[in-house]
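These are the structures in question, set out in turn.
First subunit A sits with subunit B, and in the next complex the same chain sits with subunit C.
Let's look at the complex of A and B:
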């Protein structure tokens, strides 16, 4: 007959805390999933006329919904992964120059097509150039930041910032030398709009790639928890830090490149969503990544719905607002709302 | 087996970075030198005009007035500037050093609401050249800027023709331009094509709203804009809006073939399969013209291209309307 070991009061409390934490995590994730569902239904109902649309219009709304879900989830998870990789709360797809690299790729393709390089014009037309631009920056940052296959988080961060600055300068330069009439179109694209001409195949491929990246990130959640410690501590706990960093770096790059392919550069989602979810459910990466994906998807779809509703019902005939503008308007105050109790409660030592 | 030390890595990375910077600089230099050749010395004699035009609309007028050899400077992005002319800034900023070096006698610009820059006015007083700024947004603005008596903004300077002492030539050109536009308008009066969607951008879809220069040209060419008057002159639309608007004709107007779509891409393909009447009836047309967005003396050409797209059955009549002819005041056409 076996007897269970006697439980101390401390272990009992810890177990109760863990159970409460798990329950809270479940509740938050369910709430976020409900938000995504709500935003998705609203997006399907909101359009030129409110209500369930006829098949042709429904197809268009479903495609936009798919873009919103994919882009939101991809950007938010990319941000969460980069924050873990770089051990920096300010890390986002922007900070490594991935978004600016995508923008530069798109603008260069457009610029060369203006100059009559029709082969490159094809890239500019379907935004593949943006995807290529993001991947190229990812490779450059990796090549410069790695030492014998080791990715140093500080080096990645610094080189990313430098590459980002160089991309910014190049973007301004290309915008300057481009013909005036093309420049306006380039600036509009840089504000972040869903691509109306992304085919279902393209959207499906990016969605599948994003799902794969998010899935691998979730699977690596425990390893990312361990990687929060120093490199030597992580090694001593049996984690192959070198491989983990490379995988996370590639995932973040691919997720960002895919989202830019569908919607241009959209800021803020990758920075804010992981932080909001972290404030709600804590720092464990597995639920954090799932929650970030849900929060990002809900934010982007809600923003797209609000933009469509505003341009149709509130200000009929008005121009569509760039989605990147609204995500900042929505995400900023929400972030401050969650962050404020912590900031206001902090005292100088 | 090759081993690489940390310092070798550092040197290699530094070399890679340097190479990237050199390539970028070379690329920049090659682009910036595209109009860097010295100005032509065709009219350097005493009393000759040395004209700088920072407004593409005015440059087009100068060309149509036969003053190509007297233009010594132009905006960096001026699509109609004569080849080899020195770039001295653009619509938003002026390279004062380059401008001064050209020793201009006349400077034309389109300063917008901010008016002629005070520094330019001061330089004009110091060097003794004439500055004229115009606000050219509509057909009437363009013709007034060409042949008006007191139209310049920011100074008491009259139109381009009067400023250059070419009143009669400018008036003839303005009359010919207005005459061609009126003949086109008359052609379309009987049976205008309604529900015309005019696009100037594809990624994102950017349309031309009422109250704009292009809307005016489309009306002259015998079309009616499908968009209602709204707060935005060039609204961004989504595909659902395009489908709901159900345009009978889609015109894709652009002054460059890049970015929007390749010239070899059939324009109808980008809206295919959505049940849009214009696509179903094969009435999606692309109008590529480097002066398509320019309110100037080139307006009849652009309006003619749009009229041919809107009324293909009247192509011959459109050609006849644009043919040079004697105007009622006895002046010759262009």
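Let's look at the complex of A and C:
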């Protein structure tokens, strides 16, 4: 008899079109861009008085909007980049220990400053120390996780966990010895809070840096598609794995450090946004990075708008809830909502 | 040096951790138009050898040259035009479709969408192109990885390295894949493939490198290397050579030729 391949079960429709896929990607990206626009307009309208604000108020709201857009996009892209670098869908911007490093830098600046604890009491007065703390941790993790110049993803994860734990211990110690009246401010900062002290120049610099990081990430999208395979496979496909890992590490670090500088450590955005976008348009990194940036920006600006609206119209006089609390409250259920079909569809043997 | 060798490995030592050599004093040449099978017991260094040949692992001593140039002298994209690799398994961690996985075969080279379709059809996965790669069975994933290398090497590749590429495939695809590798070798490609099955090696190899404890204990044409006494010593159990029955062939020319080759079986005592 002649030979022919055995039949297999579960084949899907062959021409599951690349075209339909591309059209869906475009639709999702346009929808996300529309969401960003909607959230931005809402943010400009919401304030002590609802409506289009006069120039001075408008300037403040635009600055706050710029912080939200920058921080949201930077955190989400940082998460997507780290998930590719570490080949782990559960990686988030804080896995490198950057947020705890930033917090420690911020607290230590108060600890050692001439002004003493009053520097911290003046909330956000010296966010630069947080940036320096995040960068210092990034360098330490890099130095420990590289072998002959190669970044080992497993080593990054392990060292990130250890550095996080050590930073956590140091943070608890500094909090313990700090005067009681500063602890509330410290807690507020650690929950993620838009800095009222960020100048237009600072915001502009971080926004430019973030835009550069996001642009380079988009350009490296196809390389990231290769990098999620093993080192030997990536190498054989013509990728300069060693250089790419260093570039991705630096991009993720700078994006996270920049966002921490503007808003403290806001959780969940970097983990959730890439996941949701991946579920909507698939894992390819070029559209994923763009979609994550849009989703992150929309989420943070919407959360900030909701907080402002609630504290102005629903609970007048109440202090603003830290944005990190709200993103976790929104992000958790949304994450579960999107992932539930996958989780509930799994069968244990 | 090398004459017509596509890959040349010279006096290579390799260790993952200090003082524990996985490869020791490895030398050899990989020539175009030949199918070279690497054999040896578990843990003898076959996968490490493939990755050293590929250049993704850098030897502690000695060197590997691709087309006469050390691996370090190649730009990644240029190297990918000459050398392709099929791992035993692959887990990208994200839900790439089978087609997207194959498409990455020319990440660094000019893409050619019809060639992707041809590669998928060659391994009969054209119907599963849109399915997530990680949802395929282990054997189907190996076929997809082979398709990726076929797509890559169709752009003018000179050598293909495969690490146990058929270990999870059904009998049809084991033979279909190895026959395809023979065809590629006949077309001038240098093929290096790690196998576990001695009879498959005997049936399809031109040459064999037999590894034991990180060293090449025998290298040369399959008929010389596959000696029952030597194999018995390397694998630690009696191995016998069985000649095929005289009229086992069919009307296919190649099948007749390979059907005359011996099989190897274990006699467990």
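Definition applied: the second predicted complex is superposed on the first by the 321 of 349 C-alpha atoms of A that agree within 3 Å, B and C clash if a C-alpha of one lies under 4 Å from a C-alpha of the other, contacts with A are read in each partner's own complex, and residues count from 1 in each chain.
FYI, a contact is a pair of C-beta atoms (placed from the backbone, for glycine too) under 8 Å apart; a residue touches a chain by one contact, two chains touch by 3 or more.
The model shown is predicted, which means the values in this text are computed figures rather than measured ones.
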| item | value |
| --- | --- |
| Partner chain in contact with A:47 - subunit B first, subunit C second, else both or neither | first |
| First, second, both or neither for A:275, with subunit B first and subunit C second | neither |
| Touching partner for A:230 - first (subunit B), second (subunit C), both, neither | second |
| Subunit B versus subunit C as contact partner of A:188, first or second or both or neither | first |
| Partner with the higher number of touched subunit A residues, subunit C or subunit B | B |
| Subunit B versus subunit C as contact partner of A:147, first or second or both or neither | first |
| Which superposed partner A:319 touches (first subunit B, second subunit C, both, neither) | first |
| Which of subunit B and subunit C A:87 touches, first, second, both or neither | second |
| Contact set on subunit B toward subunit A in their complex | 4, 6, 9, 13, 16-17, 20, 24, 28, 31-32, 77, 79, 90-91, 200-206, 227-232, 234-241, 243-244, 254-265, 270, 274-275, 293 |
| Parts of subunit A lying in touch with subunit C, wherever the complex brings them together | 3, 5-6, 8, 10-14, 16, 18, 87-89, 222-223, 225-226, 228-233, 235-240, 278, 282-284 |
| Residues of subunit C defined as touching subunit A within the complex | 51, 54-57, 76-77, 79-81, 83-85, 87, 90, 92-97, 99-100, 104-105, 107-109, 124, 126-131, 140, 152, 161, 170, 172-173, 176 |
| Residues on subunit A engaged by subunit B in the complex (per definition of touch) | 47-49, 56-57, 60-61, 64, 110-116, 118, 121-122, 124-125, 127, 143-144, 147-148, 166, 170, 173, 177-186, 188-189, 193-197, 308, 315-320, 322 |
